[in-house]
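Next come the structures, one after another.
Look for subunit A in each of the two complexes below; its partner is subunit B in the first and subunit C in the second.
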Partner chain A sequence: MFSLDRWDVAYTNLIKFSVCFIILCVLIGLFLAILLDQKIRVEGALRAMYLYPMALSFIVTGTVWKWILNPEFGVERIVQNLGFESFTFDWLVNPEMSIYTVVIAGIWQSSGFVMALFLAGLRGIDNQIIHAASIDGASLPTIYWRIIIPGLRPVFFSVLIILLHIAIKSFDLIIALNNAGPGYSSDVPATFMYTYSFSRGQIAIGSASATIMLMVIIAIVVPYLYSELRSEKHA
Partner chain B sequence: MVGLTLRDVRKNYGDVQVIHGINLDIIDGEFVVFVGPSGCGKSTLLRMIAGLEDISSGTVCIGDVEMNDIAASKRGVSMVFQTYALYPHMTVYKNMAFGLKQANTPREEIEKRVQAAAEILQISEYLDRTPRNLSGGQRQRVAIGRAIVRDPSVFLFDEPLSNLDAALRVQTRKEIARLHERLKTTMIYVTHDQVEAMTLADKIVVLRDGRIAQVGSPIELYERPQNAFVAQFIGSPKMNFFSASDLTSGASSLLNRELSDDLQVGIRPEHLSITDSANAVVEGTLELVENLGEYALIHLRTASNVEFIAKAEKPPEVPKASTIKFGVKPPLAHFFDSNSGARSA
Partner chain C sequence: MRKYFDNRRLGRIFIYTILALFAAYSLFPLYIMVITSFKTMAEIRGGGILLPPGTLNLESWTIAWSGSGECTQGVACTGMKGYFANTLLMVIPAVGISTLLGALNGYVLTKWRFRGSNLLFGMLLLGCFIPFQVILLPMAQVLGQLGLSGSLVGLTFVHVVYGLAFTSLFFRNYYITVPSELIQAARIDGAGFWRIFLRIILPISAPVFVVSVIWQFTQIWNDFLFGVVYSDSQSQPIMVALNNLVNTSTGVKRYNVDMAGALIAGLPTLIVYVIAGKFFVRGLTSGAVKG
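== the complex of A and B ==
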């Protein structure tokens, strides 16, 4: 299996996808949460809007973004129709970039949820701490950077774990968005395993890849659980 | 060390006015306590002095400088909060050093000041711990330490003892009093607890619905409350109030005062003493005795169905529902206008 070019593509894609997806989701989610925390007027409505993608399954998200990103009638066509004839946005059909379309759709789906987690964390921070920091002479960015964000540490951990497992198990999104294509350019281990086990009938390679996925997850989750449980004992 | 001047300070939230024109002078080095029931605006007023709330109108001066448009960190004040408000992810040392770091104080100077403050508060051994590994009392001392290291000209305390248990409260109260003696800095202290107010203050400001009800030394407030509200708020158990019809027929001459329906008579429970018919000002049937050992609280009800409490050294040796007569020394009776509640001479 390790000699297969397709497996190489699948796991580099997984790494690319996980890193981009998690980092951007956290940044966007945190940014939205901080914006929403500024006591703005229509917070309730906005929060619902940001959370709304969560209500959709990844299949729907994938399908919708397949249309939006389609060069024939999606964003590219709209911008070209606006007069920017040379504009191209063909990531969906570009083997180099196709995995990043999955990132875009994944972020759209998940960052609202991340925002909700961060917003809950922000609301849980005692107002008096912020007052104390402002009397101590900290500017607003300093308060966020030195006081509030470190205070969100437990939320960061939850968010990372949730996003990581979404990233590793992402399958339906990719299938719906571009069916791991073009070719197998946006394959990830999950789609790789599915293709080999159920479409091509090469059960051995399929089960080998599934085992690798299991071991990767164990390698990530066990040290995490270990450190979390241990620090709880010390607290 | 500097004093404070508040001139016609007001605060509105939209159309709702919560502070209605406060005028107050605080002298250099004074310990001033803002006291009042919840929602009276005492914390809001403190936050306005601190610079955490905008001042809708009027002026706040610290020293001779008008502070209305000066940022909280530039006012030379330090604040201690009810929930301690320590930075949870920092050690005690870093908590105390944070403000100095923001002000770009040299490292040796920070070290020196933190050590000195830790010494005063006896928290030197905890400097490397994080707040969650400290007890409530220790946390509050760290919070006070964080206030001290900034060497402020005014200390602000926002109900600092409310989250502590009773024993710690008494002890921390003592420490705050000692701290004031040592630093001789102006301190403003907000509380809803009149015992804290009475024990700590040089000057008490009683607030009610965003207005000053009375300003004075603790003993002035106890002995000569300017209105029925202050009379009831200061002192525990609360002062008893009677109208003319609740008192005995001889009360008027015993108290040396013409009684009418426009007048309310206030007598503190500790000033009522059991007496005979000739000297009785008020009488009531015994309902309940709370014997606290040191003293007893006697709950009674007059014939006109007004409840009152008397404080006596020993519980009365009479059965329940029997009538007990009480007298009072005339100077210890207070008279208030029934309508306005203002003191009537």
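== the complex of A and C ==
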């Protein structure tokens, strides 16, 4: 398996995808949570709008974004109709960029959820600390940077674990969006495993890749669970 | 004072603008899905993905639901209604069984602790994180030996097993807040394992049942991977059907039918989300993070 070029593509893609997906989701989620925390009047409605994609299947998401990103009819056409005739946006069919279309759709689906987690964390922070700091003359950005964001550390941790976990498991989205293509340019280990086990009948290679996935997940999750369970015992 | 007030107002406008922009981004795909599903193919080719349809054209919905009638094989011909029924037949028992077993697990793990019950709980938690891909091949062997491969029963079984980790976690986290003195008192009064469960635990479990049912329903309804691996052409669930519908290479591409199909497949979970969004969010956060 390690000698296969396709495996190289798959895990490089996974790294590209995870890094972009996680960083952007965290930034967008945190940003939205902070804005929503400013005593917004229609907060409930906005929250519902941000979060509803999470109720949809990745297959549905993939189908819709495939249509939106379609070079013939979608975003490319919209911008061209605005007058930018030479604008091209062909990420979906461009082997170099196809993995980033998965990032776009993935962020759409997951950032609302990250926002909800951060918002819950923000609400859990003691108001008196913030009040005290503002009496001491700290400006709002300083309060956020110095007090609130450090206070969210455990939430960051959970969010990272969850997003990483979504990223490693992401399979449906890629299949529905562009079927790991063009060619195998947007393959990740999850689709790699599936292709080798079920489409090509090379079950040994499929099992090997599944085992690698399991080992990576265990390496990340077991220490996390261990620390969580320990702290629960102390509490 | 006046200047301060202006700044504040500007700030508020800024915040609301950003929030509205994100709301638009978040709603945009839904809007596209709905308007495209009501367009004719001529309108779609004519351009303007953003423009609403001229007339409300329901043809693509009927094709997506009950087929075009031009052929007999595959979802593009028969429509999604059979697969919708398949999924319902699978979801209802799978959700019911996994939730009940989860309740029992949670009850035992919190109120009838035994040596190693914490270790067992840790392993259950790990079960929530195991990638689907890892259990695909071993599970296929198990199903083969049970004689259940390629059937709805087999698929239901897989969902029950995989969902148990999550439902046990929900119930365990809920029951741990129930005071153990209550159980002790009942035991002194002579109530047994089942009596305590049925008379004391179950009556107070309504909220967590809702969370668990909604979570399991959404997960199972939206599943694709188990569906595509463990079913034959007769027992495919809806997400597999949708993917086949969208990715058929034969015939003319009908984007409006694709979008109608995506809406049909997405509607049940969306409805659940609209009705019981609060519980849905609670399930998400407690399923992903502990308690």
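Please note the rule applied: the second predicted complex is superposed on the first by the 224 of 235 C-alpha atoms of A that agree within 3 Å, B and C clash if a C-alpha of one lies under 4 Å from a C-alpha of the other, contacts with A are read in each partner's own complex, and residues count from 1 in each chain.
Keep this in mind: contacts are C-beta pairs under 8 Å (C-beta built on N, C-alpha and C of every residue); 3 or more make two chains touch, one makes a residue touch a chain.
Computed from a predicted model, the values in this text were never measured in an experiment.
Once the two complexes are overlaid through subunit A, subunit B and subunit C fit side by side, free of any clash as defined at the top of the document.
Of the two partner chains placed by the overlay, only subunit B lies in contact with A:Ala132; subunit C stays clear of it. Once the two complexes are overlaid on the shared chain, A:Met97 sits clear of subunit B and of subunit C alike.
Of the two partner chains placed around the shared chain by superposition, subunit C is the only one that A:Ala120 touches, whereas subunit B remains out of contact. Legend: residue contacts after superposition of the two complexes on their common chain; A:Leu35 is shown touching subunit C, with no touch to subunit B. Judged by the touch definition given at the top, the superposed model places A:Met213 against subunit C, while subunit B stays out of reach. In the superposition on chain A, A:Ile147 makes contact with subunit B only, while subunit C stays out of contact range.
Looking at the shared chain after the overlay, A:Met1 reaches neither subunit B nor subunit C.
After superposition on the shared chain, subunit A has more residues touched by C, the comparison being subunit B against subunit C. Once the two complexes are laid on top of each other via chain A, the angle at subunit A between subunit B and subunit C, using C-alpha centres, comes to 90°, given in steps of 10. Remark: least CA distance from subunit B to subunit C after fitting both complexes onto chain A is 6 Å.
Chain contact summary for the complex, subunit A toward subunit B: residues 126, 128-129, 131-138, 142, 146-147, 150-151, 153, 235. Contact residues of subunit C toward subunit A in the complex are 15-16, 18-19, 22-23, 25-30, 32-33, 36, 44, 47-50, 118, 121-122, 125-126, 129-134, 136-137, 218, 221-225, 229, 239, 242-243, 246-247, 255, 258-259, 261-262, 265-266, 269-270, 272-274, 277, 280-281, 284-285, 288-290. For subunit A in complex with subunit C, the touching residues are 28, 32, 35-36, 38, 40, 46, 48-61, 63-68, 73-74, 77-78, 81, 108, 112-113, 116-117, 120, 158, 162, 165, 168-169, 171-172, 175-176, 179, 189-190, 193-194, 197-198, 203, 206-207, 209-211, 213-214, 217-218, 221-222, 225-226, 228-229, 232. Chain contact summary for the complex, subunit B toward subunit A: residues 47, 50-52, 71-74, 77-79, 81-83, 85-89, 98-99, 102-103, 132, 146, 150, 158.
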